[in-house]
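Can you keep this structure in mind? I'll have questions shortly.
Letters A, B, C and D mark the chains as written, and numbering starts fresh at 1 in each.
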Amino acid sequence: MKTIKIGIIGAGRIGRVHAENIAKFVPEMEIKTIADPYMSEETVEFLRRLRIPNIVKDADVILNDPEIKAVVVCSPTDLHAEYAIKVAEAGKDVFVEKPVDYRIDRVKEVIAAAKKAGVKLQVGFNRRFDHNHRAVYEAIRAGKVGKVNLVKISSRDPEPPTIDYVKVSGGIFYDMMVHDFDMARFLAGSEVTEVFAYGAVLVDPAIGEAGDVDTAVVSLKFANGAMGVIDNSRKAVYGYDQRVEVFGSEGAVMDENDTPNNATYYGADGTSSSPCYKIMWDRYTMAFAAEQRAFAEAVINGTETQVTGEDGLAPILIAAAATKSMKEGRPVKISEIEG
Amino acid sequence: MKTIKIGIIGAGRIGRVHAENIAKFVPEMEIKTIADPYMSEETVEFLRRLRIPNIVKDADVILNDPEIKAVVVCSPTDLHAEYAIKVAEAGKDVFVEKPVDYRIDRVKEVIAAAKKAGVKLQVGFNRRFDHNHRAVYEAIRAGKVGKVNLVKISSRDPEPPTIDYVKVSGGIFYDMMVHDFDMARFLAGSEVTEVFAYGAVLVDPAIGEAGDVDTAVVSLKFANGAMGVIDNSRKAVYGYDQRVEVFGSEGAVMDENDTPNNATYYGADGTSSSPCYKIMWDRYTMAFAAEQRAFAEAVINGTETQVTGEDGLAPILIAAAATKSMKEGRPVKISEIEG
Amino acid sequence: MKTIKIGIIGAGRIGRVHAENIAKFVPEMEIKTIADPYMSEETVEFLRRLRIPNIVKDADVILNDPEIKAVVVCSPTDLHAEYAIKVAEAGKDVFVEKPVDYRIDRVKEVIAAAKKAGVKLQVGFNRRFDHNHRAVYEAIRAGKVGKVNLVKISSRDPEPPTIDYVKVSGGIFYDMMVHDFDMARFLAGSEVTEVFAYGAVLVDPAIGEAGDVDTAVVSLKFANGAMGVIDNSRKAVYGYDQRVEVFGSEGAVMDENDTPNNATYYGADGTSSSPCYKIMWDRYTMAFAAEQRAFAEAVINGTETQVTGEDGLAPILIAAAATKSMKEGRPVKISEIEG
Amino acid sequence: MKTIKIGIIGAGRIGRVHAENIAKFVPEMEIKTIADPYMSEETVEFLRRLRIPNIVKDADVILNDPEIKAVVVCSPTDLHAEYAIKVAEAGKDVFVEKPVDYRIDRVKEVIAAAKKAGVKLQVGFNRRFDHNHRAVYEAIRAGKVGKVNLVKISSRDPEPPTIDYVKVSGGIFYDMMVHDFDMARFLAGSEVTEVFAYGAVLVDPAIGEAGDVDTAVVSLKFANGAMGVIDNSRKAVYGYDQRVEVFGSEGAVMDENDTPNNATYYGADGTSSSPCYKIMWDRYTMAFAAEQRAFAEAVINGTETQVTGEDGLAPILIAAAATKSMKEGRPVKISEIEG
């Protein structure tokens, strides 16, 4: 087995998740260094237990280390593009967390930097690697649904984020539905060309006061003629709810939420079973691991990544169009946004 | 048990279905007379076996019979309103098949006639009486989902209608999605105020040439703030597919298609089970019976019908708005249509 | 459509069920006469509503009516054999409710009488006609499970019968598991050759005091080498629970209980859905109708019935062996019983 | 977090599985040494990648290391007892793979040695830690099924073991159903007092020639009055099939097999989904990890293990009784075996 040494920039929640998954599940990648200027003692202890040899404050240690061939960028969102570009310029393959950036130009700069440096670029749309969504995708690609006519995605969080986060997140289309825009393109196998968005404040008035909506229904048109629809809610009391359905000329394929167990109780009042997972990290544990394995494969085998820079850009364009559509009360073409 | 004598106007497909269901499952109603000017020998034989005493050509036999207290109107669509008004004017309670009429004014005239005559008016939106959709409805009304935030409806037919039918049907929103508009209002417990419609020809180009679409995604806004989305396709190879889902502040409730049996086969290549029903009459057998039982109850107990004239009008208004929205590429308010 | 005139002997619960199902769902059979010496006014009213022309006290009216070609025997159990023999001797086809009789010799006399008279004989094992169990059966016969290795049947009632009934029923193996013995043979496609029975009083001590058990597990050996296991309980709080599973060299096939609806509720505490049917007549409504349609087919087309006299005898032999096995604490061969 | 250093004796398949799981999922345990006299280069490489510092041939290195507080015994079965006793005598807590030994006396010696030394003893019945079976267990313990009346277990392997293995395994009751005997006791919360076993050769005649059966149905009686039934087959073409069902006075609880994904395909010929796992290690991945976490907890917190030495003994007694029952064609009491 060929292995490579990697670095991780950022040891916040997602950085620690990637570090743990790589240590446990990606034997092809050896984490040599992780860098974050603000690590608690508990974080350092956690990283030590993963046997990461270098736990440092300065990302330059990674950028300047010729032994490190690939870097996973888990910095705060506003530094994603900056670090991704630096990593590319250092001639190292880049995994960058989503969103690459909310600014379209900035995303394009990252893509350009990776192209110029001839390095791999993978964007962290982890849901593409979920075992259930992936099985839907593979059924489509295997021709089981024939020509795709409709893509339906439900995506609901167990709890809204903090109002502080809502204020800076760019809105529900950028920070939440962006995942579903990616999933829609992934499943349809075609680009979104136009969107129409309805949004409403149904969960918490404070979200409205912060300038966002908490519930949204977005219709999509794809270049191949198919249509799509996505619904989002910031709060599903029964847990993290993410299901996809693709309907085509030869059938339909859909998935369900996993649950912590499948025991079913038959009682006098009815039949009951476990609720969905209530925590995102539990829902997508293995998807996070699988995306890092995929990154390792692309890096080691020199193949294209499964989520390219362009895949990082497209959902941002759709989010911009959806935001505009909701504000202006009309369908918006992606070409209006691309300029 | 109190019973009443009824008449049926029209012995086409739906007329025979209602006749059979009433004979078998609605002991409160005794079919005294059925009238249709064009009955095959087979139809007469079928009706005789149901032991209907009077099988006649002229609807006036029913309209003029003082013993008949209620009439089920199953005439061709373009005569629905005319007969409904005549029945009302004859002082008899009216059950009229959907759509009452495609012309809004005409529907209003039917409503007015029933009001003036002081008779019951029920419109044939049979799906409200389906055991699964009804269970979803009852869960909502029992408060299990809390405040309704989203209503989602999938509705797909096993086969497109003939092109001849497509040419005169008024389009997918009037002849197919009209059922879902009714279901959306029924489940949301609120009026639709605005719609946005995307449509496409993905099943059969001939449908497009006939001026219609065969696949449609419609977003809805309700007066109570909730949102909805409906998808329709003229062709699902796996059968008649109709599922609803309602999401709210306290949970979600959804149903599945019934299947002819629930046996599951576990083989080396995977697990398999029966497809959905492929024929509408099999899918909704008991719903048709239940709507007639409900009509009998309203008539005998003097209570309001479960699908009023206004319930017959609203989906036509929404269909008109959806048609306009698709044509003009913009959301359309119901108030624009009502004028 | 060829039709025949039939008679029904007995207008108790099961007699009324058959009368109603034949009237509604078996157009090939016209009930000319129903006979029962003890009918309440309500029963007579019920039968009148089914438009049965002759409602009489004396079964001889049926036996002596040359126009009546087939008779459904729904008398008290201890008169099943007597009436079945009389019907056969009158040259009419016989449908006799299960059990034909608890006495093996008596069952054999019924079989002999039907053979001698050259009339059809069908025994009322209605579960063979249930849509789910039938789908399992058809999957097996279509070779989907390959060679049958195991047959598993769960069968649990919502409530125990009255203690008075327990005292005269012959015990759980005769009055309850007898259905499952039939189902086991039906699914295995082979005769039971040996049984081992465990029984216990776990539901109600009064059942034990009446000399019976209320819970039983019976292992079976089939002539073709397959094995089987049946479990019975007199009380399942969640409703009428009957599931079958057949496992073979090429796969397994199993079914589930139907439920009144399939709506699923997702709430904060978990996912819940409707309980099973709690009333046997709801669970097997269509199975009762289907067995009468099958009887009509056999009678009209002159084909063998789907549940022959021998099919009526075999479960009684197995019940006798199971009773002996439980008492003597050892496996018992059917050949020991047959003598 | 308190941590301890442990050793592993044996680096065969199960030894490597435990090593990997402990390294990944049990941060409380640090594997200091693994010992096996016959390790391939690939095995050594695998263990190195887990960062186990000492990879040795001689188990004495572990037994004599005062820093090692607990040992996981994964030796060949016939050395389980010997090593378990040595570990106990060295004053270290013992985890020993199942079966402890096929000889009842030998199992008792292990129990006695652990008691005498005052060390923890856990036996490797990993299925108790499966998330689905555990959820069933917890529902029972929470009182949801009330008094347990019936325990049903299906357990079928995807492929029979080699004939060489069959010849030395002690038979299906010892090497396969022993897991289900443990599960039956675990779920029933009561000891098995008597068994009756039917067995047959239905999968492969060579298994019969080797003196074993490949299909078995065993009925159980429990001390608390409940009954049970277990079925085993050496070959289920659809994968590793293990389901449990517990029925009681207040309801029933059952589980299903997990599948690699839950995507469902709706096609013209029916609905299909993924088969079960076909490899035991995939089926029970997390159960193996969970049993080691449980061992770590018992060792670190000084609490009783969740699978005690007595829990290791009981299934061997039941297996002996089942073997005797099948041979002698009669039910056998466990007390007959215990002597």
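Convention: a residue touches a chain if its C-beta (ideal position, glycine included) is under 8 Å from a C-beta of that chain, and two chains touch if they have at least 3 such contacts.
As the structure is a computational prediction, the values presented were derived from the model and not from experiment.
Since chain A and chain D are copies of the same chain sequence, what is the angle of the rotation superposing the Cα atoms of one on the other, rounded to the nearest 5°?
So the angle, rounded to a multiple of 5, is 180 degrees.
Looking at chain pairs B-D and A-B, which one is connected by more C-beta pairs in contact?
If we tally the C-beta pairs in contact for B-D and A-B, the bigger total goes to A-B.
Could you state the distance in Å from the CA-based centre of chain A to that of chain B?
Centre separation, chain A to chain B: 42 Å.
Go ahead and note the Å separation of the Cα centroids belonging to chain B and chain D.
57
In chain B, which residues are in touch with two or more of the other chains?
Residues 236-238, 241, 250-252, 266-268, 274.
Which of the residues in chain B come into contact with chain C in the complex?
24-25, 27, 49, 51, 131-132, 134-136, 139, 144-145, 250-256, 258, 260-268, 274
Under the stated contact criterion, what part of chain A meets chain C in this complex?
236-238, 241, 259, 266-276
Could you please specify the touching residues of chain A with respect to chain B in the complex?
By the definition above, chain A touches chain B via 147, 149-150, 152, 154, 156, 196, 198, 200, 202-203, 215-217, 219, 221, 225-229, 231, 233, 235-238, 241, 245, 247, 249-252, 329-331.
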